[in-house]
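What follows is chain A paired twice: with chain B in the first complex and chain C in the second.
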Partner chain A sequence: MKVALIGLGTVGRGVLEMLAKKDLGLVLTGIADSKSAFLDPAGIDIARVLARKKKEGFCGDQHLTAEDVIKKADYDALIEVTPTNALSGEPAIGYIKAALNRKKHVVTSNKGPIALAAKELRAMARKKGVALRYEATVAGAIPVMHTLDHGLAGNEILALYGVLNGTCNFILTRMAAEGLTYEQALMEAREMGYAEADPTYDVQGIDAAIKLVILANTIWDNGVKLDDVDRTGIDLLTPDALRLADEGGCTIRLIAEANPKKHLLRVSPRILDKNHPLVFEGTLNALTLETDMAKEITLIGRGAGSVETASAIIGDLLWIRDRYVQRA
Partner chain B sequence: MKVALIGLGTVGRGVLEMLAKKDLGLVLTGIADSKSAFLDPAGIDIARVLARKKKEGFCGDQHLTAEDVIKKADYDALIEVTPTNALSGEPAIGYIKAALNRKKHVVTSNKGPIALAAKELRAMARKKGVALRYEATVAGAIPVMHTLDHGLAGNEILALYGVLNGTCNFILTRMAAEGLTYEQALMEAREMGYAEADPTYDVQGIDAAIKLVILANTIWDNGVKLDDVDRTGIDLLTPDALRLADEGGCTIRLIAEANPKKHLLRVSPRILDKNHPLVFEGTLNALTLETDMAKEITLIGRGAGSVETASAIIGDLLWIRDRYVQRA
Partner chain C sequence: MKLEMKDSPGQLVAALKPISDVGGNIIAVIHQRDPDPDGDTLNVQIVLELPKGRIDNLVSLLKEQGVHIQRIGEERLLFQRTVILIGHLMHTGLSDTVDQIDSTGFAEVTALAMSMPGVNERSSSRITIKAVSREDMEAALAILRRVSRQKSLLLIEPLEDLS
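For the complex of A and B:
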């Protein structure tokens, strides 16, 4: 199967490294970063592209763009891993539409397009007879979407709750373990590379809320939007609150939860028993699905990382290959 | 899709109830318990069969047997849910072979055939161009096999460890929480219906070892057998051992683990930090898969139960329907 890749940040590099390392029957025929692009219908030498990117700061021909790859390259599936724009979803929405219009499958890690335009994009994919997969948008390496598609097929999903932001989980872990203030724990998270210079997106629960919207729309197709999420961050939590919880055998975690029958769609700090499956340390993510037959199923794993996110993208690509395309 | 079901114990009843309740496009055309059988190519009235079983102790015609259903009924997939015989795997191995020989798909919850004859049965299914699925054999409702097939596709599975026996986990939970002796906790497990009259199979780690063998053969195709498992049960554990662990912030769990590179295949009581993802209370099961890309993925859920096991079986049936058979 032939693939083209748009976006050469952390995720894109992870995907390329795995495509080069593993014999998955996937041939790269087009690639673009923000400054250049490169096409080769016979298959691109990935090591060379990565070396050039490292040395020169761009991967291909500076007269070519992502649009050239999407519209002209010879590929079966587009890997769209450009940076998330949570407000407009662009330019990724345009990229995805252009690929779907050419009847190409799309695999994306980009939360913007899926949170903002999933309904339209899914309808478009259906109409064109191709797949739109986005396992990597929620909870990194945890195969949430595959579990919904296959593992829990036949189940009605009644509700869900999870830890969908690793940065917040790290900060809360450190506040509880060492009695740090929010500011001290945030500084530690920055030093470890877990938090951005501007942490708003994480600590105010926006990132978790976007993932919650993606999950709710995928499961219940209920057209909820980011504004519909009842959202409270962790930035006002005090060491006192965590100490009080601790005295009762509990701790505090930022929990994203949805239950359509209770009209619940919320991201907020919750007090949980320390033995609760969603209480764990560090930057992990987790999701509990409440179902009618299997009852509660909890998935725990890495919510971010270059190769970890590549795992989700490659899982989607192989799903498409097995379902639609013969082994290359 | 047409299905036939062999075995009308807890699991069989759970599957029938779900087939009757949910509109899954699955039509039941044959059914057998240990005393009788019933065939109807137009579709069996499930409520009537269950009522008869309850009233008379058998479900169909006492002149007919499971073999009649397997060899004569008109079905696409056989649901084989007869009791596990861990020593010989029979009569289930014979049932499964007879169905595969007719080029029928097979879905089973029966650990015996899969632990003893997976290689032969899988080869036979491949040759006949049909599917052999056994999600329900390991960890009940937890979609382990689907996660291996799809969610972690492209990953190399390096090692695994898990809590694969809910009875032992319940006993250890109670010993740690209340300082009970093994005998006291076992009695409580019996009263709750979590332990059999003869608990050997569970408490000596045989059940967990069988599941470990199934997992190892599925993932690495390495032909390991029950005798290859280095096995220690929980029946010699003392309250003192649990108290000592507790004083160090730890507890004890019966852990099944496999790591082919380390030649490790073991079921034994292990001391784990209380914050470890595999430490939880009650009868839940869990499995951690260590992979090259996704790193550690942990799945937690119900390891037993009528409807919970039906969830795994129905997931397999829908997988077959989507892959091989048109919607009925």
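For the complex of A and C:
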């Protein structure tokens, strides 16, 4: 199967490294970063592209752009891994639409387009007879979407709750373990490379809320938006609050939860028993699905990282290959 | 409740039967043969759930069976939840916050642990609330949510369902 990739950040690099390392039968025919692009219908030498990107800061011909790859390259599936814009979803929405219009499958890790335009994009993919897969948008390497689509097929999903932001989980872990203030724990998270210079997106629960919106729309198709999420972050928590929880055999975690029957869509710090399956240390993510037949299922794993996210993207690509491309 | 009865065959069954007759649910029966100097009576402790207003009925039925009731300990509030409140708890009237729950009549604050790091700093408290029923607990939490919003306090609720 031929693939084209847009976006050469952490995720894009992880995908390329794995394509080069593993014999997956995926041929790269087009690639673009924010400054350049490169097309080769015979297959691009990935090692050379990565070396050039490292040395010169761009991957290909500076006269070419992502649009050239999306509209002209010969590929079966587009890997869209540009940075997330949570407000407009652009330019990723435009990229995805252009590929779908050419009847190309799309795999993305980009939360913006899926949170903002999932309904429209999915309808478009259906109309064109191609797949739009976005496993990597929620909980990194954890195969949430595949579990929902296949493992739990036929189940009614009654509710879900989970830890969907690793940065917050790390900060809360450190506050509880060492009695650090929020500010101290955040500083530590920055030093470890877990938190951005502007941590708002993580610590105020926006990132977790976006993932919750994606999950809710995927499962219940209820058209909820980011503004519908009742959201409280962790930035006002005190070390005393964590100590008081600890004295009661509990701790505090940032939990995203959705329950359509209770009209509940909420991201908030919550008290959990220390033995609760959603209490774990560090930057992991986890999600519990409550279903009618299987009852509760909890998935725990890496919520971020270059190769971890590549795992989700490659899972989607191989699913598309097996389902659509090989058969044709 | 703690019961004293004759130590003879059939007495325990006779004491348990009225409980189901009044619609009660036996949770545990603790039956210990205390070294009683007389040796002719039996002490039994029974933990049970009883619908509201049935206790008098049960007491008279037990008396008819010749069972002596030594003690009845009643736990009126069955549902318990612990929350954490963060903010300017004293400035915003902590006793008023607690009173808003206590004054409902169906729920009350039964424990409160507090930490106040400095005069102008936000304090944190752990509050245990008990209520008669699941619905009453939800109503009490709804009050607390409203009060927290009004007083700009951060309310941290437990994740688990009521138990």
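Convention: the second predicted complex is superposed on the first by the 326 of 328 C-alpha atoms of A that agree within 3 Å, B and C clash if a C-alpha of one lies under 4 Å from a C-alpha of the other, contacts with A are read in each partner's own complex, and residues count from 1 in each chain.
Operating definition for what follows: a residue touches a chain if its C-beta (ideal position, glycine included) is under 8 Å from a C-beta of that chain, and two chains touch if they have at least 3 such contacts.
Keep in mind that what you see is a predicted model, and the values were worked out from it rather than measured.
Of the two partner chains, neither chain B nor chain C is touched by A:D23. Of the two partner chains placed around the shared chain by superposition, chain B is the only one that A:L152 touches, whereas chain C remains out of contact. When both complexes are overlaid on chain A, the residue A:L318 reaches chain B alone and has no touch with chain C.
In the superposition on chain A, contact of A:T232 is made with chain C only, not with chain B. Judged by the touch definition given at the top, the superposed model places A:I271 against chain C, while chain B stays out of reach.
Set against each other, chain B and chain C differ in how many residues of chain A they touch, and the higher count belongs to B. Looking at the shared chain after the overlay, A:K295 reaches chain B, while chain C stays out of its contact range. Contacts of A:L244 after superposition on the shared chain: chain C is touched, whereas chain B is not. No residue of chain A is contacted both by chain B in one complex and by chain C in the other. On the side of chain C, the complex with chain A involves touching residues 82-84, 86, 113, 115, 117, 122-126, 154, 156-160. Across the complex, chain A is touched by residues 18, 22, 24, 141-143, 146-147, 149-155, 274-275, 277, 279-281, 291, 293-302, 305, 307-308, 310-312, 314-315, 317-319 of chain B.
Only residues 161, 232, 236-238, 240-241, 243-245, 247-248, 250, 252-253, 255, 257, 268-273, 276, 278 of chain A touch chain C when the two sit together in their complex.
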